[in-house]
Amino acid sequence: MRIGIPRQTAPGERRVALTPDVTRKLVDGGHTVIVESDAGRRAGFTDDEYRDAGGEVGPAAEAWSADFVATVTLGDPLPDLGPDAVLLGLLRPFDEPDRMRRLAETGATIFAFEAVPRTTRAQTVDALSSQATAAGYQAALEGATAADRFLPMLTTAAGTIPPAKVLVLGAGVAGLQAIATARRLGAIVAAFDVRAAAAEQVESLGASFIDLDVERQDETQTGGYAREVADDTQRRIMDGLAPHVAAADVVVTTAAIPGRPAPRLISKAMVEAMRPGSVIVDLAATTGGNCEVTRPGETIVHGGVTIVGDTDLVSRVAHDASRMLARNVASFIDLITDDGSLRLDFDDDIVAEACIARDGQIVHPRLVQEG
Amino acid sequence: MNVTVAGYLYLVAAALFIFGLKRLSSPATARRGNQLAAAGMLLAVVVTLTDRQIVGYGTIVAGLVVGSGIGAVLARRVEMTAMPQLVAAFNGFGGGASALVAAVELLRDPASPLRTLVTIALSALIGAITFSGSFVAYGKLQGIVSGKPVTYPGQRFVDLLIALGTLGVAGWLATTGSPTALWAVLGASLLLGVVRVLPIGGADMPVVISFLNSLSGVAASMAGFVIDSNALIISGALVGASGLILTNIMVKAMNRSLGNVLFAAFGAEAAVAGPGAGEKTARSATPEDVAITLAYARSVIIVPGYGLAVAQAQHVLRELASALESRGVDVKYAIHPVAGRMPGHMNVLLAEADVPYDQLYDLEDINPEFDHTDVALVVGANDVVNPSARDDPSSPIYGMPILDVDRAQHVIVVKRSLSPGFAGIDNPLFYLDKTMMLFADAKKGLGEVVSAIAEL
Amino acid sequence: MAELLIPITVFVLASFVGFEVITKVPPTLHTPLMSGSNAISGITIIGAIIAAGEDVGAVAAVLGFLAVTFATINVVGGFLVTDRMLEMFKKDRP
Amino acid sequence: MRIGIPRQTAPGERRVALTPDVTRKLVDGGHTVIVESDAGRRAGFTDDEYRDAGGEVGPAAEAWSADFVATVTLGDPLPDLGPDAVLLGLLRPFDEPDRMRRLAETGATIFAFEAVPRTTRAQTVDALSSQATAAGYQAALEGATAADRFLPMLTTAAGTIPPAKVLVLGAGVAGLQAIATARRLGAIVAAFDVRAAAAEQVESLGASFIDLDVERQDETQTGGYAREVADDTQRRIMDGLAPHVAAADVVVTTAAIPGRPAPRLISKAMVEAMRPGSVIVDLAATTGGNCEVTRPGETIVHGGVTIVGDTDLVSRVAHDASRMLARNVASFIDLITDDGSLRLDFDDDIVAEACIARDGQIVHPRLVQEG
Amino acid sequence: MNVTVAGYLYLVAAALFIFGLKRLSSPATARRGNQLAAAGMLLAVVVTLTDRQIVGYGTIVAGLVVGSGIGAVLARRVEMTAMPQLVAAFNGFGGGASALVAAVELLRDPASPLRTLVTIALSALIGAITFSGSFVAYGKLQGIVSGKPVTYPGQRFVDLLIALGTLGVAGWLATTGSPTALWAVLGASLLLGVVRVLPIGGADMPVVISFLNSLSGVAASMAGFVIDSNALIISGALVGASGLILTNIMVKAMNRSLGNVLFAAFGAEAAVAGPGAGEKTARSATPEDVAITLAYARSVIIVPGYGLAVAQAQHVLRELASALESRGVDVKYAIHPVAGRMPGHMNVLLAEADVPYDQLYDLEDINPEFDHTDVALVVGANDVVNPSARDDPSSPIYGMPILDVDRAQHVIVVKRSLSPGFAGIDNPLFYLDKTMMLFADAKKGLGEVVSAIAEL
Amino acid sequence: MAELLIPITVFVLASFVGFEVITKVPPTLHTPLMSGSNAISGITIIGAIIAAGEDVGAVAAVLGFLAVTFATINVVGGFLVTDRMLEMFKKDRP
């Protein structure tokens, strides 16, 4: 099978969908890999490394016209795909359904990582998890760097500096990683989530869970994801969080509900109650932000509080994020090939569920219903 | 042989028994201890054969030859798993021998003084109980007699009657020296042994055997009083006392009392079975069992899982690993890619406990090693070591790569219960013969294992 | 009871030794230890030999023969099987 | 005594020489504290907090005309000081001797933290240490944040990411703190220094020491500081470091020799041998940089390698750095006051050595010699 | 009293001694053990007084009264620090009594059979050596005799001569029963005791006393053979054997061998003295000493310093703290602002070992607590606990605030030597009476303390 | 030597008990244990009482008196001083 790896064109995007080491594995497995020139440069991989690994380096058109194309995201304009093309990537199908429909019209078979089920078996294909890991790690670091305080406790001749307080809202994959990273740095970490299982998970990282008196959602019925909460619950959550936000030196917010705008957890007033010099890193910025003040894509200072709304956090760890993504891509290729050639097996639940469109038709139930 | 010399040689034999027993209680020296004790026994037998005024060697030699043959064949042939019942049988033979010695002594001189008759009666009584009780225990372990406690209404009352009757005829024997009384004592004691052991469940048999063994030591001691032999008195007392202590240790390890095992066990035995476990049973182990299995291993692979994080047991796990390493055990950590609840969860934990990076192994690197690893220690992991992901195409997690812990010699799993992990499915690993379950919160359980290792 | 003073003294002292000697036995050694001490309790073989060596009639002779046989089974079998069990602890450490 | 705390005017400087809590202590000790309006704002302290602590908030002139003025650094132009004034701060006397001489002409008594001896007793006054602590911490964080890799090892469904390699050059106060911070984040850390005692100190933090075959300096004869090395030694060091630099994902350099330009440890060629995406944080940028490519005050990318030459790293932890500095200031005030009023005791070795100028004369031996 | 009853009562007394000794070897039960043994002794004395054919009670009562008075007064009056020498003296009296018993027996019947004479000779010999040896030990400890080993050229040869002579006269006594020989044996043995103990240094006296105690047990046992008393034989053998074991344990704790202590100690005693320590000596402790001091404390404050970091001992320190906490000891960490070599150095270490923040105390918060703290455990810290910074205006670090560990009841310092810290100055803390030094690398030393605590 | 068989048996057994009873003694207990076992070795007081109770002349009487006195000092003083030492371990733990 010919595998095409185009260079990313979305602004700020530094990742690449395949790395030289994974390229070698695929080539050894009988595939041909065509990498667009400079595709890996911003993630720290040179064209030469791809060549050394057995890949071919070529122009964009060649990468895009392969049997199977793996991209990180979709830029503007949408690529021209032939009806036989197979595309895989973080395509944001539920956030940008219209672009998806337009892409479907090409007749190509389209797989989105966002639609991969969150099952145990699917974990090697789960790019949402791998990229959220990077996002959570980077978010904690950005918060620590931007804060005007030390995270760890320091007892020095010039007095004792107490440890900083870090608050993490939303304890999914990214949130947990942010917790772990802040804990490594020595901060006192607290976290909140609406999922029932989150409390134990937060505590399993040595952080404390903020127990607000709101219904805990049983995630097992929703594929692991949280549901939107009622308005009054929302208000109760915000009221409950207010003192914790005010006391925090660094807040990392990651709360998300797939295909919905991010839940609002921090109001402008709550930001203004924070100590000048403290920081909010809003990982939900892409879907509107968990914080009222967040400006997606920007870092702003509001009343002395820095609010990081940058949407390229994952790209700041492009090298390792690409490595993980590349493994996800390779694992997916494993699922859809047989002895080096394409064989789409829609009986496999991962392949079936990940498919957004084929034969010119949107097939994913969520998009079909909505459309 | 000079009687004095013989006396000293018997003392030497007794000393060898003492040294032997002492060594038997530590794994490193146990084998040597057994050999010492055997040497002592040989010495005692040789001295007896040369010293005492023995009229006919015929029966003796015949008995020795037949006995050695049977004993040796049984000991060599038996399978590892059948050893406990064999010990029970041997014990029964020993008790029987004591009873028979008493019988012969009585027959030789029914007009012995009272104190001799008392000891003869005791020797016969205890010897016979040991004999029949041990063989019932044998039967239960071997599956000939039902392993379940045998009970019926009014049992306690009947048992009490039999016990009183036995004591009565023993009294008769002690006061009269009548051979009839002797047969009555032997008969009643045999019966008593049977009815006392039948109601006890199969799982408690090791304790019963140990207790009967202690009794047979006392019987030997009594026989020593009868024939006025210090060697018998000392050795019998040794076994009687150490056996009692051992029984007690075993009972404590089961969190029971001796009385409870011997008398109160009329209820059914509680086997640990998980939801959906069907007929399978998991073997529950104590921290001491785990400690010794780990401490005497050459190589241990530790498999941490989400439970380790929940228990925040990373530091005590690391303590355990250092304790093992300082005993020369080779310790590695196998990190499954999805262990825990977030990518890198185990890394965070183990970094906190400062486990060196070079002890951490990936799935692909470690899986070939399980084959020649003595013990896989699974701490709070479940799905990531579930063999059905590999072997059972109908399993919802079929196809997920797992850590092949079931390929190790022994598997120890530390978790609180048999309840399933994230994927919500049962784990056949827990029911393997080679698996021991330490049911405990990981922090508490591993802490106990660490203490137990320090005491080895 | 005066004649019993010495044997009882010996019995008591030996019991103390027995109690003290077994201190902390790890569970895996329970069975071997039980088996080994059971073999030691086969010391009654001495009594059996003496009993069988006496000449007090046929019944006694049969009983004596049985006594020796039983005791020997206990001793020989006991020590051998213990040894087999202990072979598993190959890795003797000092 | 009237203590004046002016607002900092040097560009990028966010610290303040006194914090509200230390202000309270001084006020309780009988002093009057005049804080220039907004002096603490950029370090996260409001004027109200100073007022609550018993300080007076006033204009710049009032703060500068106090009996004793504590500043963080000197801005441009130099302040007007009266002949009775007493000034304390991080004045860079050995780096900017001319400015010092000009200031001396005012007749004021001038103390520089840089001249405080590095003795055990002087540690509470040792602002170089406290600020280097902040610099080292922040440098490690900036390096981690700018790197396109994770620092810790991560074993995930998308493969195992090996831990990043961090290299620290110069293991003084800042270097050690950088080592500790990188280690907290899970990196594999190696370090180099020319001082003999450094190896043990580096290892005491769980990092490994790079043992190049160069003479180890016995620092006890030079007040704890390193000396300049001969040119050929310099070359041997660079050659020895080259493979370590090339393999590192993050390099933090802190090597310094007081009053001299920073030793050159990383050449342009060495930078070019690094993997694109890796980072150098050059804490020695103020004195020219340990890296040939460093541009003081700027972050640049050279051949894919980010070189952070920013000179305001300490100001990025302004809040806690100010807290520590304030304790140093208070400890110094303790040394020069008696029962609430000024009493300069030049018999005290700390006071004597810290004094740069008085009565219109430069008195510090180092500047006297040089001048 | 009936002889048989007396015999059984003696057996009971001996059993009480056994129980007593057993309990004496664990801190929790030691006192009760001593009382049990005393009760056994009372029983034995009462039985003896009522049982034996005693002709005149006069001397006996006089002896009992005088002896009790002296014993009680000495035991009550002595200061804590003088206890070891008192034990030596008591031991000497015991040995003397055994020798005297032998002497009286000989005088009563010089024509006793050989075996009685042999035991009389042994009893006299061992008893007299114990007597004189113990009093020399007493003198050394009390400072009456020089604590230094007394040596002269040719000593070994002279000693050998005396020893051979003693054996010779003992042989003479055993074969002839001559009273002259008795006096000769007594005299020679007394001399032998003196010359054998004089060359041993004062620091080794406890071992010598323990060994002599074991000997005096053997002497009592010999006396038992002489007067045919099982009570004496058993008790004497008990003390003889347990004393030997105890001696061995003590010798091992000093990293020596018994032979080395008794014979080879002709060299000077090595006192640990630091550079510039002048006349001061620091008290070196074993990990076991440290373990028991910590384990039986109510509150412990741990003071980490740069040495902890150098040794990378943070994890084992944390293990130690958890072991103590699980025994109910209150544990805190005192962090000095400049401990280590960089600001926050200790924080980094303790965070790595995951010590909770709320157990860390600043200098100002913890200093008032040392006064009512049982033990301050200083691990690799030096300058930050140097009292001269507080007390000695001439010290170069005078004025630096320190952690007032010297105000705690006991101070334990773990470091490798007496060498100074960063500031390069001597630390008077190490030479305080209340300070024990554990000279070891912190990781190794603390590891040994942890093991020792597990074994308590 | 035949008469010695029994006492020697007793001696040997008692020695075993003695060896076994002392297993792991923490160093702080060394002195009290030594002191306590020293008091037990004062059992020679029995011999002393018997010796002093006999009537075999003045010398023997004096020696007997001394023997009782010495032994009593050992016993009484020994147990008392041990008790004082052990008072320091107030905090008995089970």
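First chain written, first letter: the chains are A, B, C, D, E and F, and each begins at residue 1.
One rule holds for everything that comes next: a contact is a pair of C-beta atoms (placed from the backbone, for glycine too) under 8 Å apart; a residue touches a chain by one contact, two chains touch by 3 or more.
All of these numbers come straight from a predicted model, not from anything done at the bench.
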{"item": "Chains touching both subunit D and subunit F, listed by label", "value": "B, E"}
{"item": "Subunit F and subunit E - chains in contact with each", "value": "B, C"}
{"item": "Farthest chain (mean CA position) relative to subunit B", "value": "D"}
{"item": "Which of C-E and A-E has more C-beta pairs touching across its chains", "value": "A-E"}
{"item": "Interface composition of copies subunit A and subunit D: same or different, split at half", "value": "same"}
{"item": "Separation of mean Cα positions, subunit D and subunit B [Å, integer]", "value": "68"}
{"item": "Centroid distance [mean C-alpha coordinates] between subunit E and subunit D, Å", "value": "56"}
{"item": "Where subunit B and subunit C are represented by their mean Cα positions, the distance between them in whole Å", "value": "18"}
{"item": "Geometric centre distance via CA averages, subunit E-subunit B, whole Å", "value": "40"}
{"item": "Residue numbers of subunit C (touch at least two other chains)", "value": "1, 9-10, 12-14, 16-17, 20-21, 23"}
{"item": "Of all residues in subunit B, the ones touching two or more other chains", "value": "18, 22, 230, 234, 337-338, 343-344, 348, 351-352, 354, 455"}
{"item": "Where subunit A touches two or more other chains at once, by residue number", "value": "123-124, 129-130, 133, 152, 154, 156-159, 161, 184, 186, 206"}
{"item": "Graph class of chain-chain contacts, one of line, ring, star, complete, other", "value": "other"}
{"item": "Complete list of chain pairs which touch one another", "value": "A-B, A-D, A-E, B-C, B-D, B-E, B-F, C-E, C-F, D-E, E-F"}
{"item": "Subunit A - residues contacting subunit D, complex", "value": "14, 41, 43-44, 46, 123-124, 126-127, 129-130, 133-134, 137-138, 141-142, 144-150, 152, 154, 156-159, 161, 181, 184-186, 275-278, 304, 316-320, 323-325, 327-328, 331"}
{"item": "Interface residues, subunit C side, partner subunit B - complex", "value": "1, 3-4, 7, 10-12, 14-19, 21-57, 59-61, 63-87, 89, 91-94"}
{"item": "In the complex with subunit B, residue positions of subunit E that touch it", "value": "315, 318-319, 322, 352-354, 447, 451, 454-455"}
{"item": "Subunit C - residues contacting subunit E, complex", "value": "1-2, 5, 8-9, 12-13, 16, 20"}
{"item": "Contact set on subunit D toward subunit B in their complex", "value": "152-161, 163, 186, 188, 206"}
